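Heads up, the next two complexes both have chain A, just with different partners, chain B and then chain C.
Take a look at the complex of A and B:
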């Protein structure tokens, strides 16, 4: 199992797209804090979520990582053999499919946990430097919850890619949903039940002052989001085990 | 040793393999011959646990492929393409394959040397020619120094020197007691290299035996093949 995880780490970190995802995830949030700081100071808009809200924009990083760890297996390896995919080499090297999926998930969790920790430390640290006493230092539990949120969203991206067997559709949907038009957020305007959608509910693990239609305690929010991800992973794993490679 | 026992496979609504059974013995090169679409690749994919049969069993050294703990140390397999992501270098690809089976990185340079790709180790797989892709795929198959080789159309895309190299290489592996199973639709090539021949057509095994037995009174493997199969096309 350790060998499989090591192989998946090498595979993931060897992909140029994954490196882009890694960098974007680490850099975007601190940059947004930096850009927002003058306006926030002038209008006295800083509050206890400042520095943590900005972590949302960096989510593009774990999403890319979650998608490409699976989609890279499925893209054609060359024009001369359009049906050939890396997945063939992967399953020949590690034919036990559940162990393979577990190894992929473990590698993803490790990479995104490190990425999220660096991004969270950089973003909240920068917030303290720029805003000083106006923004209280977040409790360690809130920071850990933010890291967990990133990891869970990466796993969500991974499981959706596993189910739809395509990288472009989930990546487009997830990025659009988290940046330009949040379908999940718009749904919360229609029904309160949308507050329990995975990306919306998960944010309540660490955000306090944002506009949520239903207040959910952080631990409950974490459990609900984890249950979503577990369900997606189980469906993805069952399909992956049954399908021809 | 490889044994395929009464394998049936359905894809979509069509049955593509019917009670496919044969063995490939250690110390011999077994040629798996058939026209395009006859079921060669499908059989090999079932053998490697990539596709699931409706019924039957395919065993390598007495075990289903999927139950092998470090499969690359028992079986080396080469299917379509190189198996390497376009954006990865040859070395980068082989390094993860080696890691997956607990093999040392030193093996990567050894197999690159063996297949003649040492000078191309940093080149991205997406820029490889067909022949280089086959060599890279073969390099991955050799990483674990396996006792069984399963190769799908291994000479496809190789230049004459590459074909000759492959022939000598596989003969040498068989001489050392390895089991070599290779599929091909090139009869002349197979007649040069195979000890045993299994002929498949439209999902059915039509004959199997030593090369001499299969050729029988037909004069050549090609004549035997066309006599045993429908001819493989409208021409």
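Take a look at the complex of A and C:
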């Protein structure tokens, strides 16, 4: 199992797109804190969520990692051999599918946890430097919750890719949904039930002052989001076990 | 003219493009029903469309039609021909339908040119979402002067005109034609 995880780690970190995702995830949030700082200081907008809200932009990193760890197995390797895919070789080397999925999930969790920790530390540290006393230092539990949120979203991207067996669809949907034109956020304007969608509810683990239609306690929010992700993973795993590779 | 017709036939029959088009129109209808100005969302569908049109397999095409610049032009022209009706339908709920349709068609060509340069569908989609959905709104929020130079300005504010979109599309198209002309086929 350890060698499987190590193999998956090496494959993931060798992908150019994954490296882009790794870099974007670490850099984007601190950069946004920097860009937003002058306006926030001028209008005195800084509050206890400042620095943590900006972590939302960096989510593109874990999303890319979660998608490509699976989609890289499924895309055709080139024009010369149109139907050849990496997955064939992977399954010949390790035919037990559940172990393969578990190894992939483990590798993904490890990489994203490190990435999220670095990004969270950089973003909140930079916020302290730029805003000083106006933003209180967030409790350790909130920072840990932010890291958990990143890991869970990476797993969500991974499970959706498992289900639809294509990288472009989940990547497009998740990125669009995480930005200024979030469909989940729009839905919260239509119905309060949308507050329980995985990406919306999960944010309540570590954000306090954002505009949520329904207030949910952090631990409850974490449990609801984890339940969503677990359900997606189970569906993805069952399909992966039953379907032809 | 056979090669022009061939490109057209490929565009209208590729399953991934049909699926993207159907999905885009469906999502646009849903957003219109929710009473949201849909172009900022709809453009993602057209970005994917252009990226997929450019990153489909090339080897056989180049055997049949080795003159690359005319081929590249044919691909761009047929893509516009296919996209325009689709963009017109998708723009019906917009406040300025004509401007929105023009913007969407230009954006598809921009995505196609970017895809020709990057040659990987996932990486192309990623790059385009980065510019149009992340960097664009971010820079626009930070500085008003940036608005005039961003390729996606009309998606958010149709009154700003689309000279920046035209300039970006033309520039990327020229660079992509040069690269398509010079590089080994992949």
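Some observations on this one:
Keep this in mind: the second predicted complex is superposed on the first by the 244 of 245 C-alpha atoms of A that agree within 3 Å, B and C clash if a C-alpha of one lies under 4 Å from a C-alpha of the other, contacts with A are read in each partner's own complex, and residues count from 1 in each chain.
Everything that follows uses one rule, which is that a residue touches a chain if its C-beta (ideal position, glycine included) is under 8 Å from a C-beta of that chain, and two chains touch if they have at least 3 such contacts.
For clarity, every value in this text was computed on a predicted model and none was experimentally measured.
When the two structures are aligned on the shared chain, A:214 is found in touch with neither chain B nor chain C. When the two structures are aligned on the shared chain, A:86 is found in touch with chain B, with no touch to chain C. Contacts of A:171 after superposition on the shared chain: chain C is touched, whereas chain B is not.
In the superposed model, A:64 lies in contact with chain C only, and not with chain B. In the superposition on chain A, contact of A:129 is made with neither chain B nor chain C. After overlaying the two complexes on the shared chain, residue contacts for A:95 are found with chain B alone; chain C is out of touch. In the superposition on chain A, A:75 contacts both chain B and chain C.
In the superposition on chain A, A:17 makes contact with both chain B and chain C.
By the touch criterion defined above, A:39 reaches chain C but does not reach chain B.
On chain A, the surface patch touched by chain B in one complex and by chain C in the other comprises residues 16-17, 75, 78, 80.
Interface residues of chain A facing chain C in the complex, by the touch rule stated above, are 16-17, 20, 24, 28, 32, 35-36, 39, 57, 60, 64, 67-68, 71, 75, 78-80, 82, 167-168, 171-172, 175-176, 179-181, 183, 186, 190. Every residue of chain A that touches chain B in the complex is listed here, in rising order: 3-4, 6-8, 10-11, 14-17, 72, 75, 77-78, 80-81, 83-86, 88-97, 242, 244-245. Against chain A, the residues of chain C that register as touching in their complex are 31, 34, 36, 40-41, 44, 48, 51-52, 57-59, 120-123, 125-126, 129-130, 133-134, 137-138, 142, 186.
Partner chain A is touched in their complex by these residues of chain B: 11, 45, 48-52, 65-66, 68, 70-72, 75, 77, 79-88, 92-93, 95-97, 99-102, 125-126, 128, 130, 133, 140, 157.
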